[in-house]
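Handing you this structure, nothing more for now.
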Amino acid sequence: MNGGPATDEHAGGSPPAADRGGGRSAAPWIVAGLIVAADAFISIRSAADLDRLLINLVLALSAFATLHARMLSLATAGFMAIGAYASAILTVKVGLPVEAALLAALGLCALVALLIGLPVLRLTDVYLAISTLGFGEVVRILIVVLADLTGGPTGANLSTGFPYDAMKRIGPGAIAAALALLVYLFWSMSRSRTGRALRAIRERPAAAASMGIDLMRYRTLAFVMSAIIAGAAGAFYAHSVGSLDNSDFRFNRAVDVLGYAVLGGSGQWFGPLLGAGLLTALPLLLRDSLGASIGFLRGFAQLPNILTGLSLVLVIVFFPGGLAAVFPPRRARARGRAAASIGAALPGPLPPRSPSAGGEPLLVVAGLSRAFGGVAALGGVDLRFERGVIHGLIGPNGAGKTTLLNLISGAMAPTTGSILWQGREIAGRRPHEIAQAGIARTWQGVRLFDDMTVRDNVLAGHHARMGNGVLATWLSLPRSRRQEQAAAEEANGLLERLGLGGFADRAAGTLSYGDRRRVEIARALALEPQLLLLDEPAAGMNGVEAEALGTFLVELKHRGYTLIVVEHHMELIMRVCDRIAVLNFGRTIAQGTPAEVASSDAVREAYLGRD
Amino acid sequence: MALLDVEAISVRYGGIEAVRGLSFAVEAGSMVAMIGANGAGKSSILNAVSGLVRPRAGRIRFDGADITGHAPEAIVRSGVVQVPEGRAILGPLTVAENLDLGAWSRRDPGEARRTLEEVYALFPRLAERRRQLAGSLSGGEQQMLAIGRALMAHPRILLLDEPSMGLAPVVISAVFDAISRIHRAGTTVLLVEQNARQALRLAERALVLSRGQLMREGSSASLLEDPVIVEAFLGRA
Amino acid sequence: MDLSLLADPVFLAQNVVDGAARGALYAVYALGFTLIFGVLDIINLAHAATFMWCAFAGWLVLSAGLSLPLGLAAALVAGAATAVLLELLAFRPLRRAGSDRLASMISSIGATLIMVSIAEAVFGVSTRRFPDSALDPRPFFLGGAGGLRVSRAQILIVAAAVVLSLALGFFIRRTRMGTALRAVAADQRASRLLGIEVNRVVVVTFAVAGALAGAAGILVGLLTNAISPGMGSQIELRGLAVVILGGMGSIEGAVLGGLILGLVETFAIAYIPGGGDIKDAIAFIILFLILLVRPNGILGRKAEDAA
């Protein structure tokens, strides 16, 4: 029913409609800033309070790094502990200057994150969460076991050789500076190729992979970032509080941080900051203001926990996008008129594909089988797909057409058989590798990243062709900026040609079904693929729309693309395809030109039944 | 008054309007076939009748009572039972347990036992395999199980969603044979099929659907010869 | 390490007894947890908080001087009621909205926090003891005063584990409602088409799971004679380890897994120097290893295909 620990399926619905990541105004910035400032005013009585608030804000960003990519990591407390103790030990026992100790501690966190990330990040959502749950506890136990080094269960304090003066090295200014740096890093990342990749993974991992996005790579990046930031928070904690208690890093801490991210919303970087600000200040506010009238509130030590708990449950149930999702998306300014249908606006030429090398077929499928349990969805299919041709793939319900597409695009691995792409074996390769090799696809029932703008969806298709990683983004290297610029221009051009120019800044989920279908095709084209796999592109279209689609597909062919189209819309298939393969019961029952297939008895029988 | 009366329903499926303003009726005691290519909206109609999805417009009446948008459990209790597409049998349970669950909504255990005997008589293969796990049955046996399970609910109308899907031709005949016998015994049947010819041979009346709309309606005999069928599936020549 | 320990058969047997009792406790806890996962695919981390509340419910009844059976009954009822409340407030709205498993897990984490906080507020954070009147604390000595020590609580726990797992197995496999549970676990949509009211089945599932948490709660109170609002966190992680070891959704797996974990922990404390410190880590190490090597556990369901 649902995926087990090793499945990479997107279990359940995509992020809720309220969490519109695209097209925001500057208002949230300002509001967030105001709230945090108000927080500070309300809750801060001393430098220590300020430290605490700032550290919580840093932790919030740690949670954001993973939750934003839909990974529930509960290892925050563990990494915090590693950062805290490592930095404390290096400063006090080894005598390093605090800056060096800090960096070394961060390096250690990164290393540990990589080590446990490699095996653990392959697991699906809940199993990842469970394994990170355990990690925090293991760290805590390690600290107790290595008592000579760490001061053991009593913590790192005066009595265990960690005097306050040696520990206390950081004030709120340093933490605030670090926080500002982190905000900059997240802000710039969100507008970059890396940010888009993470948001794509958040929404639809399978579709992201089919756009050439390496899921493991980005999940590892997110996890390591989260670990480093949590480690930094830990180090700040050690050096601002001046002593450490083992109980500072209990699981509760991870839950609190989760609360920040959930309350504030993990769709945008400022969400968790909002959440942290509120959950830090609110209990104090309630206690002080209402505590005057409601006596028991003043002594109600559990108030912060109850608020966190309530936030988690109420927000997840009633507005899963968190507070950040409450901000309305920027209203799209209509830029140019949106054409009525595909094909009506195809002014300039689409990027031409490279001419065919030799006369060999582009894609050869041999003996391809795929079984689920004992049932063979495909049982030994042999097909050849020539370059520059529109291939139709038809057959009754359950014949195996989508399975075949899935095998070609790498969404599934075959049980047996081979898939030769331009002479190379690609059977069983990962989807992002196949996308990078030049095969793009669309999905049955459109799978867009609904909470990203239309343009960002298309830019996701550009992912594989761009090279600017996150470091290049952060350093704002000119090469990186140029690439972004060029990609944006290309994306705009593609959208214009498909009559979607006016929608570029709209959240993709707000478009009509037909428009979303076109965006999906634009996104696939952005890959500059040699081969385009289309799964029921005409579903739900009426005659006029289907005709326009057909014209567009033929246009694509003339520009040099090769197409494999799975469809039930017979008129479209017969009109547009050069060659058609017919599947039934997981096998090929006919192949040939439309005329041959239409007059084939075997095909008639497959569809209409035997007499 | 027809047993099942569907009036101008529109149903959305995955963002598309799968069915638009469709109306039809099924008389008590009759067998009606609904044929059409994939994507024609046939399953959506059955899902709307069974209450799994609420139609965006229109009404569904069963035996005079409005059942539009009612809970599936209640609709089953009133005698509208569906054999879903792909059979949806409960793999980890045995054949006998699957059948037993079919009678979940019935009140009289004695009657349920009698129906069980009838089902085993109709499908002797199921009787042989009653302790086997349903997931280990062949496709044809699973289809028979699905039908038998639906019969256990003592349906007043039986909705079948593509019973021939994925089955070998020989098995299809056996399944259709059973459906025919069920109908002759008095159950009203609405048969949704992609396998048009066999469905037309079985049913008296047929509805031809294309892209969510009713293209043609009439007696099966007349439709068998009608080129519209070929057109609906394979497009205009 | 004192090598003579290895040669001492009584010491070995004692550890087997202690380990089996500990393992039986874990098994009872895991039964309820694995039931909810098996039927609904939900990881209910609030199971531990339910367990804790039931321990206190039992404690209240027993402290009032009432008998053990009544205390047990109170724990079971409290468990069922709490779990059903959780389902109605924290899980059903998510199911209605079609949310994913992460959302349910997060919701259960939030519920845990609320429940633990309320318990702390009402009972304070300190540890309570079950009154001696509840269960005779004098242990049995097999083979004379220096021999094997078995406490009544240990006997009760092992018996409870056996009885409860058999009863649960019987319920799931031989009753109509149990079959309906299995139907919902296999295919919710098909179940609805059979006329099964999935929501009702879910409530029954939670009630049974909650009662099992209640049993575990009061049993742990009898065994360790120490309950506190924070007791859930220790067993929660062990419960996860047991269920993953034995396979999510498997009753036999929960029992087997529980026994294994209980024995391994006890033997670690007994035979490994410093074992007392690391015993908490054992569960997590097992968890890690299983997730990495055999994610579906020893007896769990077959793994789905990885994309």
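Side notes on the structure shown:
We just call them A, B and C in the order they show up, numbering each chain from 1.
As a working rule, a residue touches a chain if its C-beta (ideal position, glycine included) is under 8 Å from a C-beta of that chain, and two chains touch if they have at least 3 such contacts.
In this text, all values refer to a predicted model and were calculated from it rather than measured experimentally.
A complete topology is adopted by the chain contact network, contact being made between every pair of chains. Chain pair with the larger contact count among A-C and B-C is A-C, by C-beta pairs in contact. Compare each chain's C-alpha centroid with the centroid of every protein C-alpha atom shown, and the nearest one belongs to A. For the pair chain A and chain B, the distance between mean C-alpha positions equals 41 Å. Between the Cα centres of chain A and chain C there is a gap of 35 Å. Computed from the mean C-alpha positions, the centre of chain B lies at a distance of 44 Å from the centre of chain C. With touch defined as above, residues shared between interfaces to two or more other chains in chain C number as follows: 185-187. Counting partner chains per residue, chain A shows two or more touched chains at no residue at all. Of all the residues in chain A, the ones that touch chain C in their complex are 1-13, 16, 70, 72, 119-120, 123, 125-127, 129-131, 133-135, 137-138, 141-142, 144-145, 205-206, 209, 251, 255, 258-259, 262, 300-302, 305-306, 308-314, 316-318, 320, 372, 411-413, 431. Across the interface of their complex, chain A is touched by residues 14-18, 37-39, 85-86, 135-136, 139, 162, 164-166, 168-169, 172, 193-199, 211, 229-230, 233-237 of chain B. Considering their complex, residues 176, 179-180, 182-183, 185-187, 189-197 of chain C touch chain B.
Those residues of chain C whose C-beta lies close enough to touch chain A in the complex are 41, 43, 89-90, 93-94, 97-103, 105-107, 109-118, 120-121, 185-187, 233, 237, 240-241, 244, 274, 277-278, 280-281, 283-285, 287-288, 291-292, 295-296, 300-307. Those residues of chain B that touch chain C in the shared complex are 50, 52, 71-73, 76-77, 81-82, 84, 88-93, 97, 100-102, 104-105, 149, 153.
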